[in-house]
Structure formats: C-alpha cells, structure tokens
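Paired with subunit B in one complex and with subunit C in the other, subunit A is shared by the two complexes that follow.
Coming up: the complex of A and B.
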C-alpha cells in the first residue's frame, strides 16, 4: 500500500503567461483508500507545486466550492474517491461552461448574478413581527420544497448543461431550482416578483430537458423537475381563468 | 462548446436522438397537409403516395413518433405536480393515466380515419 501511486493531470493556466490552458501531470502517493481527488490536489499544493490554484473549503460536500471536471464529469472533488479511478490516471479540469480565471478556478460571476435575480429568499407582502412567534409549517408543506432546498450552489448542474454551454443567457438549473424552492414554500409570497425572470424565454423556456443537471447533482436535487414544473405552472397561470392570481 | 459535445456522453446522445425524432415527423406531417390540400380539389386531385419508399419512410416516422411519445409521457410523473384532497397524486398513477389517454386517443383517431376511409 505504501508504494501505491496515482497520476493526477491538472489543468494549469496563468492568464499572464499562457495563451490557453494545458494539462500538467503529477505522480503522487495513494496512501489511503479514503483519499479523494481534493486530497490529491492538496498533496500537490503542499508537497509538489504550491502554485496550483483551486477552490475548496469544507471537505464534506456541504460548501459546494470544490466542483471540478473529474475525467470529464462534473463532480465535487471532496467526494470523488481515488479508489474509483486507480490505477488509471485522473484528469482534473475546471468546470465546463465557465470562464477560467486561473488553473482550476472558474469565474462564477454569471451564476451569482443569476442566483440573485430569482430572489432566493422568503418574500412577504407584510413581514410577520418577530414577537408573533414562529411561522409554523406542517411536515407536508415542508416536503413540498425540501429537496430543492438541498442545493449547495456548486454549479455542477451548469457545467453539465449543454443548453447553458450553448447559450449563457439561460437562467440555468440551480437558479430555477432555488426559485422553485421558495415558490413552493407556504411562507413565501414572492412569486410575482420572480415570474418576470423565470417565465422569460431564457428562463424556464430555454431548457429542452436534457436532464443531465439532475444526474450530476451531488445532493440529489432534481433541477430538471423544478424547471419542467415551473413551465407547467407558468403556462397554467397564463391560460387558466384567474390563473394569474396570487 | 465543441461541435461534438453530444457524442461525449450516452445521456447527451440519447437527448439529441430524442430531439431529432421530431424532424422526420415534421416532414411527414407537412406531406400530410399537402395531401389534405390536394384532397380539397376532389378525387382527381388526390394522389396519395404509394411508393415503397414512402411506406418505409412512414414506418420509420411511426417508430420515431412512438419513441418521442414514450420518452415524453414517461416524464409526466416528474413534471405534473397534482394534489387531490390535499394529498399528492403518485407519479406512477400520472404516468399510467397519460399512457392510457395516449392509447385511447390513438384508438379513437384510428377508428375515425378508418371510418372515413370506408
């Protein structure tokens, strides 16, 4: 076990020196069956090449910051085990469909802007005063939106979505899933504020249901479901008598 | 996006196949519209295609139409979010209902076409 090794090929890109990204190989010890790709990157950064840049934080699939392409598939590197790839090499690249800032670090500005545009927070027409106590919900009401609230904004779904890859104006899976999460929340009254963004041609209607967003989601969220349900809802609101009521 | 993005994964490939099935169906329906227009001129103007090639093309279109319908209807349980008496309708029941309605509509349309044909 002590001699076991694995090759990691990581994207390197320095915008001040390189014209385009290229792969660099690192041969590192594979000392523990519980090692993940993020551990391998941390080993490279600590012992081999301190200039390698990438994002990470919690190491436990919660923060959503360590998403990268692992052998061509968007994954959280903290939950991609080396044992699933060994003895083959692992190619680690920045998430597809986003501009690269440096090495494995992508520019997430577009996603942050889109996320903000759907107002992913509870909107009330009239705030309930804190003194009124908790705003209670039944378990069935929580079940309505629970799975969509699991989203950790890791952007793997954007990276897997060819529609977003072909048209970056598309609002995208995670933003729509989170809009859906608040729309289904019995405490929320902000649907009409979100509709102008969601019901746009480049909102839900740009999606042609590839479904890969739901396949790659590390938290079991089903953004494709959120998008298709939102399509049906917006259509019914438009066509049914009194459909556009609050 | 590279031009061959849809060849990278089986899932992408099947998606493109699903979307492509609409194209031959659209061509077939255009042909049908043309035939209907010709029928407006009376029996003399109506010359339905009887060539082997057209029959094969129609058969291929039928397979595509069935594949497209099947892939669409099996997702109905994901898309439709219905509550009856404050309880969610199970997705399987929604899918079953959709397929049953599809079969019923096919039988009715088939019967009407055969009826007119006689």
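Coming up: the complex of A and C.
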C-alpha cells in the first residue's frame, strides 16, 4: 500500500495561452483506500502543480461544486473512489455540454439564468401574514415534491443530457425539476406564472426522454419524471374550461 | 478595474448573508443591495448543516427555557440580553422560512416537527430530515432570486475592506473569472462569510471556510471576540471529517466505547447522549486516553450506534446519514455502528458585533458564524446556529438598510486610489513575485497540524506557547511563498494564497486569546487551569490587531440579566 500509485489525467486549459484544451498526466501516491478523485486533485494542487484549477468545497456530496467528467461519466469527484478505477488511469475532464472557463472549471451562468426564469420561489395570490403562523402540510403532501427539492444544482444532469448538448436553449433537467418542486408544493399557487417558461417549445417539449439525467443524478432526483409530469400538466390544462386553468 | 455602488453590500452568500440581503430590501424596497460571494451562494457551507434549527414553537416550551439552555450551554459567557432577544425572534424566522417554502419535516397533523438536541431540555429543533442546512440555504437563495434589487457578484473574492475616515465604504474584490479587481462601494457593508474550520486539519468545514470575514474585519480595526472558543463536534467520520449529525443522538443513537459501554454515564449522567458538545468531546478524548477507544487506520474512534432505531425511522429521519455511511465509509448504519471521533466544527468567536450586528467600525456589520454577537459564549448548542443566521442576518440587514438611508454617499476619489493600491499589493506580493520557494500546500498542512496539536479539545500553556511560536515561523515562511499560476483566469492558487494569509491571521488570534484565558470554560479546556474562574474570566476576550507582534487583548464584562452563573452539570 505504501508505494501504490495512480495516474490522473486532467484537462488543462488556460484561455490566456492555450488554443484548445489538452490532458496533463500526474502520477500520484494512492495512500488510502478512502481516497476519492477530489483528494487526488487536491494532492496535485497542493504538492505537484498549484496551477490546476477546479471547484470544490464540502467534500460530502451536498454543495454541488465538484462535478466533473470521470472517465467519461459525469460524477461528483468527492464521491468517486480511486479504488473503483485503480490500477487503471483516471481521466478527469470538465463537465460536458458547458463552455470551459479554465481547466476543470465550467461556465454555469446559463443555468443560473434558467433557474431564475422558472421562478423557484413560493408564489401566492395573496401573501399570508407571518402572524397567521405556519401552513399545515401533511407528510404525504411533502412526499409529492420532496425528491425534486433534493437537487443540489451540480449540473451532472445537464452534462448527461444529449438534448442540452445540441440545444443550449433547452431549459434542462434541474431547472424543470425545481419548477416542479414548487408547483407540487401545497403552499404554492404559481403554476400559471411558471407555465409560459415550462410549456414553450424549449421548455419541457424539447426533451426526448432519454432519461440520462435521472441516471446520473447523485441525489436520487428524477428530473425525467418531472419533465414528463410537466408535459402532462401543460397538456391537461388546455382540456379544462378557461376559468379553471389556474 | 471598475467601481460599482450599492446602499448595502453583503459579503458572503450563505444563510446569514442571504437573509440579511432580503431583510435590507424588505426594510426599504427602494434600496440597492449588492452581494459578493467567493462561491455561488448555494455552495456556501450552510449547505452542510444537518440536524436542525432551534425555536420555541410548541405550547409546552418557553422562551425562558430556551434562553436558560443556551446560557448554561455557553458556560455563562453568552450576553443574556442577546439570548433573550434571540429566543423571541427565532420562531418568527422559522415561520418566515416556512412561508418561503422550506420543506420542514412535519408531524402527522401537518405541524412543523421538532426533535431533541444536545443541551436543549425539550424538543425544539425544527428540521428538514437531516439536510436542514441544505434545504434552508436553497430555500432562501431561491427566494432571493425574486428580488430584483439584489444584485450578485458571484465568485468574487474580497481582499480588503475599504475604510475612509474610520467608516467602512465597501470592499475590493477579485473577480475570479476575469482576474479583475473591482471596488464595490456601499454606504453599509455586512460581513457574513462563515467560519474558519480549515485552520484545523480535522474539521467538518468545507474548503471555503477560511476565516475571510474575520480577518478582513480584524485588519480594518474591528475586534475579534472570544476567539479561543472553538467548537469540537463529538461525531465526525474518521479520515474525511464528515459530520454525523447530533440528530443521530437526538433520535436515540448511543455512543459506545470499545468495551461496548455507554461511557457518557461517567460524564453527563442525566443527559447521556444529549449532553452538550464541548463536554461530550472532552469525554471522548478522556476515554481515548484511558485506552477505551477503538483503534483504526485513521486514529482512535468510538461507535455511534443507531441499529436499535430500525430501518423505517432511519430512512425517514436520517436518510442522509445512511447515504453518507454507504458512500464514504462503506457501511449500512441500519446494520453497522458508525465510527466517529471529535472534529472541529464551529467558531463561537468572531467579529465583535452588537445585537443589531453593528461593529465598532461605522458602516460595518457582521452576522452568522463570522460574527460574535454574544449568543453562543463558550459553547454553542447544536441547532442554535441556523436560527442565529436567520435572526441576526435579518437584524443586520435591517440595521444596515436603516443606517444607509441617512449615510453620506461614498466619494469616488479616495476609493479609486485605494483600489489601485490594493490591486498592486496583491500583484506584487503574489502574482509577480519571483523567487519564492514555499508551497501553499506545505504551509497550510503544517498550520493545520499545529492548530490540532496546540489549540484542540484540550490546551495547556505549553501547547499554546509552542503554537504561537510555530505560527510565527509559518508567518515568516509565508513571506517566501511561491505562486506558480500567473494566469488571471480563475486563478485558484491566488485565492488559496489569499485564504492562507487569512488563516494565519485568525489562527494567531485563537492562540493568543486561548493562552490568556487561564481557566476552563465551555469549549476552552485548559489542563493547567481545569476550573471555571468567574472572578477573573466572566468576561469576553476582545483582540485587536497591532502593527506588529501579537494582538492586543481587552476584556469586557458579560451582560447578565436573569440567570446568575451556577455550576454547569448535566
């Protein structure tokens, strides 16, 4: 164990001097069975090459910053164990389908705009004063939306989505799942306000139901389900009398 | 370089910062609020909080009990007027979060559930399964998106507070994407940058918790209060330091030593697993020293056992713990005990601020973990910190908005000069530096080991004096730092070196404050002064930066209203 080593190939790209990205190889000690790909990157940055750039923080699978392609699959690098790859090399690349800012750092501004566009907040026809206390919400009502509220915005689903890869106007899995999260919340009355974004061609209808988003989600969210449910919602609405379409 | 201007500028995008930003806008909708954060707000470390947020919401509970529990938990170092205001405001904030959509776990009748927590005498910890911080952060972040008055500067790293005529008028921030330095000016600035756990090797804190706001405030002339009070959480996973929530014990989990004994009966017989964090962490270390811990590849540990709770309860109330066990330890907590040991978790100390978050610097406010408003004293009770972020984040937001309404506008001239000077400082010290040979990683590694050894669960005069000496050596080595990355684009080596500079700064304050407090109180346990000494030390330590050498320490009386100090037994 003492001299076990593993090869990490990481994408390098500095727009100030590189025309295109290339892979750089690092041979690092694999000293502990608990090591994850993120630990390997941290070893490189701390002791081998300080210029390697990537995002990370919590290293417990909840902050959503350390998503990268690991041997071609979108993963949270804090939860991708070296022992599952060793003795083979590991290729670490920036998440697919996003512009790259630098090395392993992707540009996710597009998602930040899309997130805001689906109005991910409770919408009420009339605000309830704080003095009225908390809403009652039954455990079964929470179950309606709970899984969609587990999204950590890690972008793995966008990276896995072939539709987003072809058309970045597509609203995409996480934003639709989060819109669904609020729409299904018993406290919310915002469906009508969200529909224009959700129902338009590049909203839910762009999805061809490949379902990869739900496969790669590290948190067990099923965005594909949210999208198919939303398709049903937007369709059924138009079968209702106009006055009932709220 | 450019300049943007706001009425109120919030530094930090976690729970306290976001709550402050919304409160500022709601206090005055015509206001322009800026938010600068070194990460996208939803990455902030609030996201890792698990167990819950405390508030008096049940008829059988009372403000007095929550206040007393908090004050006793603090080992009487909390300011009691602040605690009394806090416990009254916390329920309002929990309901506000509910209205914003926080998915609080519910009782069968649809009311917000509560669970028991360490040091709390009744069930008052509201929770969203065991991802409470995650859900609160995403709820308040997503809610903040509806306010067009809040303008964010994501992934911008603050290197300096702008001070003009003893008044804080903004910050200098490095835009990580472009590498550009900007002056972001404001009539009022709120620091809400979170903790500093990364100065320790073994911590639950994420990579971003490097004490930035504390160092910024300190350098600008604000005091750092009670910095010797560092919380060690009893239950971290060995190797990673990942937090296993206190809710595991709240829901009925047992802590056992290698003899299979619930050893807490010797330390907190009336509370057992629901004792406060400082005492349980000390009990674990004491058991380790007596040879009653398990030995593993990553040091000594105890067992945290929830097998008797059954799969249904575990999946409903502790699903994330089961996930963490599977992912990071390869165990199923339904069938296997969880290996745990004490781990740095929280900083009670912080920028000295009053009940509205105002610091001693005009125009500068602080909220959340980076602040010390006097709530937590020597030991914070679990689940008070999420509530603290809400209550004091909102208070700081309102106070800053109010102050900004009558404050003079910021003048451009000196700001431009300060921006130029600061950008040049960073360029000269790091980016253009030649001939350095010290790796950031090596200095950081040594700092973290020294802090674990010198200012851990137990301290002594010797350990702290050695630590102070080593910190001096590390500061000297830091002058020889090498930054290999000269790119302007997302240069994370530059931000790492700026963070290391902050870490060295706050570590010295911790060590010097701890050496001077010759007693044991709350999380500060001196082997050479094992008793609490109310005569000499029923006081806050406040540290101020001097031009050279160690910080200057002042002492301030603790404000006592209704609860006279007593022996603290559980």
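For the reader, a short list of remarks on this structure follows.
As a working rule, the second predicted complex is superposed on the first by the 241 of 246 C-alpha atoms of A that agree within 3 Å, B and C clash if a C-alpha of one lies under 4 Å from a C-alpha of the other, contacts with A are read in each partner's own complex, and residues count from 1 in each chain.
Methods note: a residue touches a chain if its C-beta (ideal position, glycine included) is under 8 Å from a C-beta of that chain, and two chains touch if they have at least 3 such contacts.
Predicted model only: the values in this text are computed from it and were never measured.
Legend: residue contacts after superposition of the two complexes on their common chain; A:153 is shown touching subunit C, with no touch to subunit B. By the touch criterion defined above, A:87 lies against neither subunit B nor subunit C after alignment on the C-alpha atoms of chain A.
Residue contacts after overlaying the shared chain place A:166 against subunit B, while subunit C stays out of touching range. The larger set of touched subunit A residues comes from C, when the choice is between subunit B and subunit C. Of the two partner chains placed by superposition, only subunit B is touched by A:72; subunit C is not. Once the two complexes are laid over each other on the shared chain, residue contacts for A:15 go to subunit C alone; subunit B is not touched. Once chain A of one complex is fitted onto chain A of the other, the partner contacts of A:185 are limited to subunit C, with no touch recorded for subunit B. Applying the stated contact rule after C-alpha superposition, one finds that A:215 touches subunit B and leaves subunit C untouched. Within the complex formed with subunit A, the subunit B residues making contact are 1, 5-6, 8-9, 11-12, 15, 19, 75, 78-81, 86. Partner subunit B is touched in their complex by these residues of subunit A: 72, 97, 140, 162, 165-166, 208-212, 215, 222, 224-225, 228-229, 231-232. By the touch criterion given at the top, residues 14-17, 32, 34, 45-47, 49-51, 53-65, 79, 101-103, 105, 108, 112, 115-116, 119-122, 127-128, 130, 133-139, 141-142, 145-146, 149-153, 178, 182, 185, 187-188 of subunit A touch subunit C in their complex. Chain contact summary for the complex, subunit C toward subunit A: residues 39-40, 42-45, 47-48, 92, 94-96, 98-101, 103-106, 108-112, 131, 134-135, 138, 142-143, 145-146, 154, 177, 206-208, 239-240, 242-243, 297-298, 320, 323-324, 327-328, 439-442, 444-445, 482-485, 487-493, 496.
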